[in-house]
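Shared between the two complexes below is chain A, which has chain B as its partner in the first and chain C in the second.
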Partner chain A sequence: MTELIAEIPAWFPKASEFLTFSPELAWVATLCLIMLAPLAIGRDARITAGLAIVGIAVTAFFTFKVMGIVSAEGPQTGLTPDRTGGMLIADNLSLFFKLFLLTFLVGVSILWMSVSANQEDDAPEFFVLMVGSALGMSLMVSTQNILMMIIAIEFASLPSYAIVGFNKQKRIAAEASLKYMIFGSVSAAVMLYGASLIYGFFGTLDVAQIALNAGPVLEAGGANRLLVGLGMFCLFVGIAFKISAVPFHFWCPDAFQGAKTEVTAWLSVASKAAGLLLLMRLAHVFCMYAGAEVLHGVAIVIAIFATITCTVGNLSAYKQTSTKRMLAYSSIAHAGYMMAAAAILVDANKVESFSAISAVLAYVVVYMLMNLGAFGVVALLESKNGGDDSITAFAGLGWKTPVLAIPMLFCLVSLVGIPPFAGFITKWYLLAALGETGVGLYWALAIVIVINTLISLWYYMRVIVQMFLRESDKPATDVPMSGALLVNVCGVLLIVLLIFSNPLKNRSDKYSAGLFAASPTALAGEGAKDSLAQSSPQAGGTESLENNHGG
Partner chain B sequence: MFEIGLTHYLVVATLLFVMGIFVMITKRNAIGILIGVEMVLNGANINLVAFNRYNGMGNIDGQIVSLFVIVLAAAEAALAVAICMNFYKNLNTVDVDHGDTLAG
Partner chain C sequence: MDQHLISWIVFLPMIAGLVLLFVPRELVKWVALFGSGLAFVLSLLLFKTFWGGEAAGVFGDAYGALHHVERAGWITGNRFSIEYFVGLDGLSFPLFLLTTFVSLLACLASFNFDSWKINKGIKAYFFLFLLLETGMLGVFVSLDFFLFYVFWEVMLLPMYFLIGVWGGERREYAAIKFFIFTLAGSVLMLVGLVAMFFYSADAVAKYPELATSYNTGAQVTTGTFDLIELTTNEAIQKHFGDAGTKLLDVRFAPLMFMFLFIGFAIKLPCVPVHTWLPDAHVQAPTPISMILAGVLLKMGGYGFLRLCYGIFPLGGEFWASFLAVIAVVSILYGALCAMAQTDFKKLVAYSSVSHMGYVLLGICVMTTTGFQGAMFQMIAHGISSPMCFFLVGVIYDRAHHRQINKFGGLWLSMPRYGSMATLGFFASLGLPGLCGFVGEAYVLLGTFQAGPHFKWAYTAAICAAFGVVLTAGYILWVVQRVYLGSVREEYKSFPEATGREMLILAPLGALCILLGVLPKQSVFDFMNGTLNLLIDQMNGVTQMAMAAAGG
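This part shows the complex of A and B:
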């Protein structure tokens, strides 16, 4: 036996490393189980959904376990013993995002069961694609290696293309998935070409190591700077596609309108959040090693993209007649708000960049509730009226079916970002993070966000007006119990989270603080960068806050 | 006779990239666009392998990455062709210009 163990080569991961990445392993096991179960026990939507939920619960259990390890021993990296950065990272941010995705998956599964389960015998395929894309998105947030990042983006994208075209007989679904697939593969190809240029210059794909060497290249100027800049821009195009930042957003409204509504709810939050957190992690690592002043130009680029994205998203949402398409443009606008916070990251000192990540985490959580609620109502409504998702389909809903209209009202008002809903407080955190930098650029971004909030009020209002001020002779909608419960829980949670916004803020502070940073000594042997390894300036403050809360 | 060096490989890779982008922009046929995508991916592959050979710092990261890229390209092509078939079944064409139901 001992001989056998001695035979294990040095590169083979240790058992502790496997434990660190047990959530991923459980996730993959769930995937295989859902795929193979129909062969053994027949195709049944309920059994498949049950298996998926059990797999999600097991994954969540392991995630909590790893969270314990991380809070005791600090961020973990692994599965690549000779690399300092690590292909996979288990830190607070990645674990938070795993829990976020798992919760959201449960929500979307409930919605799917109350809307589509009866008409379909494709349940195994649906869940394989959903759980698979979720795994890809969680990997996107758990890496700082460009190769792993590209694989993760593809891993998240490929199932998404298929799931958008899930209704094979529907013409718009086929069209939506074709458009999504073409935009996606073009941006993936461009991103890979950028990665090859970056690799050529730095001889590595680890972002921390690239950042250590990038400063001199970027400052020297000339052709090298141009080529490295081109490579980075190509990478940014790939991420911007996932975030659906304007002008890489053309797929977004089409794919969201053509897909089934529960799929739209999933993509509108999960894929954008994954892209944003990936962007923020890369920007964070990069400015930690390269120095923020190198990236001033990048901050301006991201700020411009954020401004254009939220403005175009809000202005295009006006003229829409389909609720799904309107909410798709609204999701573009929200991605723009969150990108504004990503611009802080590359240009400010550490405390401010952590409050930016924290604001985005809180925003993402509340945004998930708002979108799940709003798309849930649309899905429930259109499942009862023959697939009509136009805004006029909401006429009279407020008086006939308040069980749908009230949560829709909550979610829409919260999407605007006005009290008394949690969308207000998270938007306030975002503005506060922008404001406390004290830099003119970010103040300008904050003003842009406020103006955009005012613009967005009017198109959300159109639905509310239809629901409560327009008459309709349609009968009341008969809503399935589970779906009604889901959307109402979302609506109520929006109020609860406003009242208990402190725990939300504390948690997002905590999860953003313990961000992984490869030890710079291992990277370059520079003692001067050692202090950066203690990556959580807010950790002390967060702990005391939590103690207060506990006491 | 001249010696084949890094520059020659990079020129081929850049040509593939530019041709790929040109094909993506001009083709209206979905399969044509996918061929453009494959050209860009192969340009990236040539870049990766050439940089690894001439500038590799003693590791083979670039070649490993290019293997991953080949696998990704194959997976993407398989799915893409399936989606094109689905599009063809619904619209009797794979011309992307005919996908104009969703707009605005």
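This part shows the complex of A and C:
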């Protein structure tokens, strides 16, 4: 027995690391349970949903436990012998995002139960895919290693392709799924290509080390600079696909329209938030180690993408006749707003400037409420009128079924970002983060964002006009209790979070401030930056390769 | 109660609005009347503070002699602290009182709701009406820029629905036009909000020795949203006015002045951006037109004095010629348009554009008399124009059209109403002895006074004086066509103004005379103190800038 233990290889995680990553383990156990339960107790939608919610609760319990560890001992990394490697990170940001995803999963499950549970035979498969994609997204935000990042993105994407096509009888769903998958595969290929270029140059996939060494290569110019730049851009393309930044957004409206509405709600928030927070984390690590000149270039690239994304998203949304497509374009625009914060983060180049991350954390929380509410209303309406999600289907809803129209109004106006709704306060945090830098580029970005707010009013108002200003002879929609409760809670929370917005702000400040402690430097003490510098490719590429993958 | 008097007045209408959602349909309007009536009665209690016009300020005589101040933290944290900070001074008190007064009368004017063409949703109507009142009152009392902005935008949605649902034939168009114009103005204000905060933080860091707070006497160390602090703090004023302070490579004060000015100019409205007004005023139901003309337009003028000129006097100096041109064009163009109208209500709407031109002219010459005239003109117009709109509404209820040329001899069939109508229109004309005269006279006087240091002043004053002639032209002509002459057959049977209608017209008519006969006792005494302080403050800043330029 002792021999056996002695033979446990050094890379094998220690018991404490298992505890640190207990949420992931609970998450995987939930997946297995949902998959296996039907064999024992039959395929019942409600039992499956119940199991999923129990699993989510257990995962959340462990997440809180790890939060206790993190606040006592500081951020943890794991699943790698090199303590600075950061293959998986348990810090405030990743834990926050886990809780965010779990909450959102519960919301989407409630919506699914009140809309689709009765006509669905494949509940276990649905929940497996849903919870699986959630795990993938949570991993995306828990790493700063490019390899892990690619695996996590694929882990999140593959189930997503399948749930988009879950409406098996519908042509449009199959088309959406195919389109999503083709775009996803191509961008995964591009990303892998970029990763291989980067690895070829730097001999490592750890972003901190890459950032340290990127400066000299990029400054030297010539072919190297081109290739490294290309590699980094390819990686960015992969993330941009998840965020659906223009011009990598073409899958988004089609996939969102073809999928079931609750799936659309899920993807529109979770997948984008995961992509954005991954981008934020990489940007943050990058800004801690790379030189200012490199960073300014990267910041300008991100700023340009943010500008194009929000403008194109808003302008395209105006023409749409389908509410789901319209909201898809709106989600593209919102991703653009949030990307602006990533640009600041790269450029600011100082550890204290956590305003950008804090703004994005607050933004995604409120964005989740707005989108869950808006898509929830679309789903509830659609389920009663034979799947009609056109904007004209909302005609007269305000007078016939105010229980749906009022939360829809709150969510849409909050999406525009005007008071008295929480969408305003989070937009304000974003603008404040931009203004705090005091740099002309970001003032220009702030002006772009406010002008986009104005453009976006046009198309959100089209639904509001239908609901309250137009007449319809359609009868009132009868709404299931749980669904009505869900969307109304979302709507009311939007007002509550404006009036009492201190908790939201303080928490997002706290979690984003914690991120800076999570950097490898903080973990390994003062010497980490030096040791990272020593393992640069100039010092010997093969050596650093062994450092990372041997052991 | 006494400590929180202002908060009670501001939120009482909203509370009444929430209550009326739960009462039987026939009681709704009485609850609304109770809410707005109580707000009015409570606001009369404020008189005792302002009586005599010399009451000592809570903050000494530093600025504006604030009264009934309430301060509490709202969104606090390590980066910015946003307060619930309300109070009244001579600038806001008359407008605050005007708001409660006009709202009460407009509520009374809504009492024939059941006989309207569109009479669905009485609860929604009165709820939105009261919410609008809370928003308007909030704008006038807010002394924290962030709070001001929130109240400013809170008004948008209720007003949109009040016009869009219960308006005339082209209500949908008019409502969205109002919404988009107003939001277009306020998005740049939002950038200004961010910029003023961070630039004030820079200011107090740059000149710590000057950064003494008017409030506590201690040194200000962070950026601030406190409008009075922004106005009076020497460090902030010095930094804002410095020619070297730039945003996007443009001098800060003129740029910020413009950002804020655009928003207020749209609300006022001035000529190039006035086109929403004729549509909104004509399409809105009568009580809402009264509110629009009586209160909403005044927010533009109030914003000029409180924010643009209070905080950026140098911006005002920079743009003075440009603003004088806009003001004169508004006066003349508005009057000419009014003259060309055949729709009675549209005529009154265009007369508002013309009258508000005087407000801008009085403000932009930056003399004490001009400021007094502008303030008086706002109050006077806030009394005469709701009266005119209501007068039009009364005959529209009977004739169901508003074509001026189809009327004639109404005085004969409705003598009481005809007398009131003549009084109201002559007040609007600016007949000496009635309220419209004093404001215009002061504005013209103030403009002449500005002659020595402002070369276009004489030209502007002469052109504006010509506007008085045009005003007399269109008003006398309309009075002749509608009220004089022999009575037409189809209008002979028109019933005389009812008791409710007289109850609305009589106080307005009485105030028209009171303000015209006793302008000092009824208006000037309440605001002169604050206006003098404002002018002193502005002169101080101008001298500081000149000294800086000379040295």
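Here, the second predicted complex is superposed on the first by the 502 of 551 C-alpha atoms of A that agree within 3 Å, B and C clash if a C-alpha of one lies under 4 Å from a C-alpha of the other, contacts with A are read in each partner's own complex, and residues count from 1 in each chain.
Keep in mind that, in the parts below, a residue touches a chain if its C-beta (ideal position, glycine included) is under 8 Å from a C-beta of that chain, and two chains touch if they have at least 3 such contacts.
None of these values were measured; they are calculated from a predicted model.
S.K.: Using the superposition on chain A described above, determine whether A:Ser71 touches chain B (first), chain C (second), both, or neither.
M.R.: Neither partner.
S.K.: Once chain A of both complexes is superposed, is A:Ala446 in touch with chain B (first), chain C (second), both, or neither?
M.R.: second
S.K.: So in the superposed three-chain picture, is A:Leu434 touching just chain B, just chain C, both, or none of them (first/second/both/neither)?
M.R.: second
S.K.: Touch test for A:Asn385: chain B only (first), chain C only (second), both, or neither?
M.R.: A:Asn385 sits against neither chain B nor chain C.
S.K.: Based on the superposed arrangement, let me know which partner A:Gly258 touches: chain B (first), chain C (second), both, or neither?
M.R.: first
S.K.: For A:Ser482, select first, second, both or neither according to whether it touches chain B, chain C, the two together, or no partner.
M.R.: neither
S.K.: Going by the contact rule set out at the top, does A:Leu469 touch chain B (first), chain C (second), both, or neither?
M.R.: Only chain C is touched by A:Leu469; chain B is not.
S.K.: Under the stated touch criterion, which partner chain does A:Ser16 make contact with: chain B (first), chain C (second), both, or neither?
M.R.: In the superposition, A:Ser16 touches no partner, neither chain B nor chain C.
S.K.: State which residues of chain A lie in both footprints, the one left by chain B and the one left by chain C.
M.R.: none
S.K.: So in the complex, which bits of chain A are touching chain B?
M.R.: 147, 150-151, 154, 158, 161-162, 165, 168-172, 174-179, 181-182, 185-186, 188-190, 192-193, 195-197, 199-200, 203-205, 253-254, 257-258, 319-320, 325
S.K.: Which part of chain A faces chain C closely enough to touch in the complex?
M.R.: 355, 399, 413, 418-420, 424-425, 428, 431-432, 434-436, 438, 440, 443-444, 446-447, 450-451, 453-454, 457-458, 461, 465, 468-469, 498, 501-502, 505-506, 509
S.K.: Please output the residues of chain C touching chain A within their complex, sorted ascending.
M.R.: 75-80, 120-121, 149-150, 153-154, 156-157, 161, 164-165, 171-172, 175-176, 179-180, 183-184, 187-188, 190-191, 194-195, 197-198, 202, 247-249
S.K.: Flag every residue of chain B that touches chain A in the complex, lowest number first.
M.R.: Counting only chain B, the residues touching chain A are 13, 17, 20, 24, 30, 33-34, 36-37, 40-41, 43-45, 47-48, 50-52, 55-57, 59, 61-62, 65, 68-69, 72, 75-76, 79-80, 82-84, 86-87, 89-91, 96, 99, 101-104.
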